[in-house]
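For reference, chains read A, B, C and D in written order, and residue numbers begin at 1 within each chain.
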Amino acid sequence: MYTVRIRVYYFLAEAYDSFRRNWVMSFAAVMVVFISVLLVGSITFLGHIVGKITSDLENKVEIKIFLKDSATKEQVQSFEAKIKELKEVKTVVYITKDQALVDFKERHKNQPELIEQISGNPLPASYELSLKNPRDANKVAGKLENLPERKTVVEKINYARETIQKLFKVTGWIRVIFLVLITFLCFASLALISNTIRLAIYSRRKEVAVMRLVGASNWFIRWPFLLEGILQGLIGAILAVLLLLAIKAFVLAQFQSSVPWLPIDINSSFYNLLVFWLMLAGIAIGAAGSTIALRRYLTT
Amino acid sequence: MMIEAKDVSVTYKESPKPALIDVNLSIDKGEFVFIVGPSGSGKSTFIRLLLRELVPTKGQVTIAGQDIIHLRNWKVPYLRRNIGTVFQDFKLLPNKTAYENVAYALEVINKSKHVIATQVPEVLKLVGLGDKFESYPDELSGGEQQRVSIARAFVNRPPLLLADEPTGNLDPNTSMGIMSILNRINKTGTTVVIATHDREMVDSMRKRVVALADGKVMRDQMRGVYGED
Amino acid sequence: MYTVRIRVYYFLAEAYDSFRRNWVMSFAAVMVVFISVLLVGSITFLGHIVGKITSDLENKVEIKIFLKDSATKEQVQSFEAKIKELKEVKTVVYITKDQALVDFKERHKNQPELIEQISGNPLPASYELSLKNPRDANKVAGKLENLPERKTVVEKINYARETIQKLFKVTGWIRVIFLVLITFLCFASLALISNTIRLAIYSRRKEVAVMRLVGASNWFIRWPFLLEGILQGLIGAILAVLLLLAIKAFVLAQFQSSVPWLPIDINSSFYNLLVFWLMLAGIAIGAAGSTIALRRYLTT
Amino acid sequence: MMIEAKDVSVTYKESPKPALIDVNLSIDKGEFVFIVGPSGSGKSTFIRLLLRELVPTKGQVTIAGQDIIHLRNWKVPYLRRNIGTVFQDFKLLPNKTAYENVAYALEVINKSKHVIATQVPEVLKLVGLGDKFESYPDELSGGEQQRVSIARAFVNRPPLLLADEPTGNLDPNTSMGIMSILNRINKTGTTVVIATHDREMVDSMRKRVVALADGKVMRDQMRGVYGED
């Protein structure tokens, strides 16, 4: 136990020394991790916000059911019970004939002649359904068409099939783009970081060879490099995370107050999770990068 | 037998001409051997062979009865910990001070801090570097670097000491000092193998001399001299 | 002249040799330039497309002028001449009372009771103005309000003040985000590339010192490094540009065919300009990076 | 006067002890001078001073009448092109072959391809490396690297040749060969300054000997010897 503890301390000291003495390379590694984590982090931020906005948009999708004036109260009630039973449906709002008229007048208030012409209330009552998953609009519409009340109660079922399809195509593409961007950035970061570490270790390959020649085992050589890599990764990631925190606190807040009707906030749990993963990634990449880069200089 | 080389040939892959050709050589435990020969005759190659820095194209090498050619990769460090080596080009770690360079040879064999703190200064003083503990290799003169390399080679009292041109950068006085240290170490039972050009030294010590030329052993003489001009 | 040509050839040969022999570093530099240019290029692509889409959206902004039924033909004609004179206005479309009715019926085809009720044509004729710069909507609306015909010809001037403001806030933010992203990526790329070059030259500092010691002048040392940097930058940029071309040809085409109503195309002139700048940037960064990195090793 | 050093002191900033103290030395055009002294006495420091690899803390150095201490930075290469130098640690370019390393010294002074293609092989053969043109430094033995460094130093026939321990890695025969080459070069008018430990060589040549110890000039003797043990 005692010797093990001494070793750990020795390796840490070696790693720290090396970090300090090979300052040019340490700086390069820290900077690359910093930039990479910052890039991935901020695109993830952006992707998260865009995701929120798009689902917000998607949630605006609804199905409107116009009722026949001839439907009796009982028919309507039993119909309402049935649509409330549909598992895809999130909310059901009933709009009376009167409310429909009020809405119509509000919408057409620029055309007073038109409104004047209306006598009585020609507008039907209706239900507005919002769905748990807006993508189910087609399915729900189909189910509604097949209800027995279709003939007796329902005048027309209305949902913006085309608009919805357009919307989903667009939001789908946005998601794909962000996924591709994030994946690409992750790979690019990996490549950049491993690149830098490989370069740093390449320029120290003679040193590694000397260590081998004076009897250092591979692990004895590897540990300080590993810890140094971890240190570099950690510092880079911490710097990036701090900057992300600043972005979240200042830029996003500013942004949000400028467009209050958009859901731009990044909730803390997501932020914490992201921070956790970014730090982990920084550390892991630093450690793995140095180990892998070292491997080819650890023969003979 | 400390070292046993049988029919060893080495050909570097970048070069058509073999660097060692059918070398047969046995060195007993506790011997003191000079390897001499003109520049490019294969002295360093022989030393690197014993360190298993390279494997021969042909032949067999054993050290202390152990076949070092078919040694597993992970066992190589354990071989090397029993061999102290002075390299022709010193091979110091550039980011470590003289003290740390010597200490490194003890750290790899897991010596305690206490042992390191007593042995390293002692050995550095022995080679005349008592005032250069904190200097980095590029702040040392050529001879000083060479002496750091020498100090590192014997700080852990290995049973086998290899030295490639250990006095090439040293003045005659310092050289004699180093030689007498190596001699003393040899007296305590350590096998010493020295590749050298230093005629004065070889002639004055009258030890076993193995002469190489063009990769072949030309002469193997007990109590020998450097040889004809 | 003769000696100069020999020198150029010599420096080129040196640069190429060095590129080949320091393969690890050349590879690293090429890769960093490649990734950087790819990142900047694809975000610029994306920004360009998003920019197009947003201006497309913005161009949907229009001002609607409903005319009084009582306005005479001459009054309307002189009014039309005046609005066509407004320099902010791009297009003016006249919608007759008949067309308005047809449109209305189409819009309300779900409410046949409502349509049945309409007798004659209660809908006014109108003008739809689109603007050169949709941000001028407020100003144009103001001008229209102040026209003398406001009382005689115009029933009501309609434009979605709030929606427009929202839209502009959102599109404004999108532009800002892309600008920030591109700027950030440019800086990050610069940092990454100079970092890598610095590292590569750092590991060759001893070589540089030796060159100085055997009497090489600073420019004699610098030229091969400079050309090597240019070579690395050029190769990296070419690879990235080729990949961007592939993205444009395959991914964007696919994308476009999936959402044909969005203007996703990247026109060739923009692509060519981008390619030009990216190549130039690759070369310039390679050259500048190596020169700057070299500077500190070119003393004594 | 080729070299004139007046009251020169050098203190490295990493080290408290000065490496050279009040050195006064004049070397005439065409002289052949050995600088001797124990390891760490300041020989390499003196050579580096003449190359303007470092500037003295105090004092004045002129080469061929030119004050080299207040030399503008961009003029330093022109100074060095007139000085051929053999470095103690060779200082070869690792990514160039033996041939290219030697050729580099001609390329920096803008020699034509033709001149390079005739002089470089000639010089390499002269130092006994006729079969190593295409070898990279790490494919050469210590002595072979040293000889490449020697070949590079005089390939452009400089008026001043500095050599720091040029035979440290060479066997006596090769050393004598190199020495006779240097002697021949000296006969053609080149000033030669050699820092060395090679007692045999110094004693056999009977040239001017400047002995340093602890950074001071202890002895300056025409037709001198290496000195007492």
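The definition used in the following text is that a residue touches a chain if its C-beta (ideal position, glycine included) is under 8 Å from a C-beta of that chain, and two chains touch if they have at least 3 such contacts.
As the structure is a prediction and not an experimental result, all values here were calculated from the model.
Mean C-alpha positions place chain A and chain D at a centre distance of 67 Å. If you average the CA atoms of chain A and of chain C, the two centres end up 24 Å from each other.
Averaged C-alpha coordinates put the centre of chain B at 28 Å from the centre of chain D.
Among the residues of chain A, none is found touching two or more other chains.
Chain contacts: chain D has no residue touching two or more partner chains. Taken chain by chain, the contacts form a single closed ring in which each chain touches exactly two others. A complete list of chain pairs in contact reads A-B, A-C, B-D, C-D.
For chain A in complex with chain B, the residues that touch the partner chain are 3, 6-7, 10, 17-18, 21-22, 207, 210-218, 220, 299-300.
Against chain C, in their complex, chain A makes its touches with residues 24-25, 28, 31-32, 35, 38-39, 42, 46, 66, 69, 104, 110-111, 113-114, 116-119, 122-124, 156, 158, 166, 169-170, 173, 177, 181, 184-185, 188, 191-192, 195-196, 198-200, 202-203, 255, 258-259, 261-262. On chain B, the positions that touch chain A within their shared complex are 51-54, 73-74, 76-78, 80-81, 83, 85, 87, 91-95, 104-105, 107-110, 112-113, 152. Residues 12, 14-15, 17, 36-40, 43-45, 88-89, 128, 131, 135-136, 139, 141-144, 146-147, 164-165, 168-175, 197, 199-200, 226, 229 of chain B are the ones that touch chain D when the two sit in their complex.
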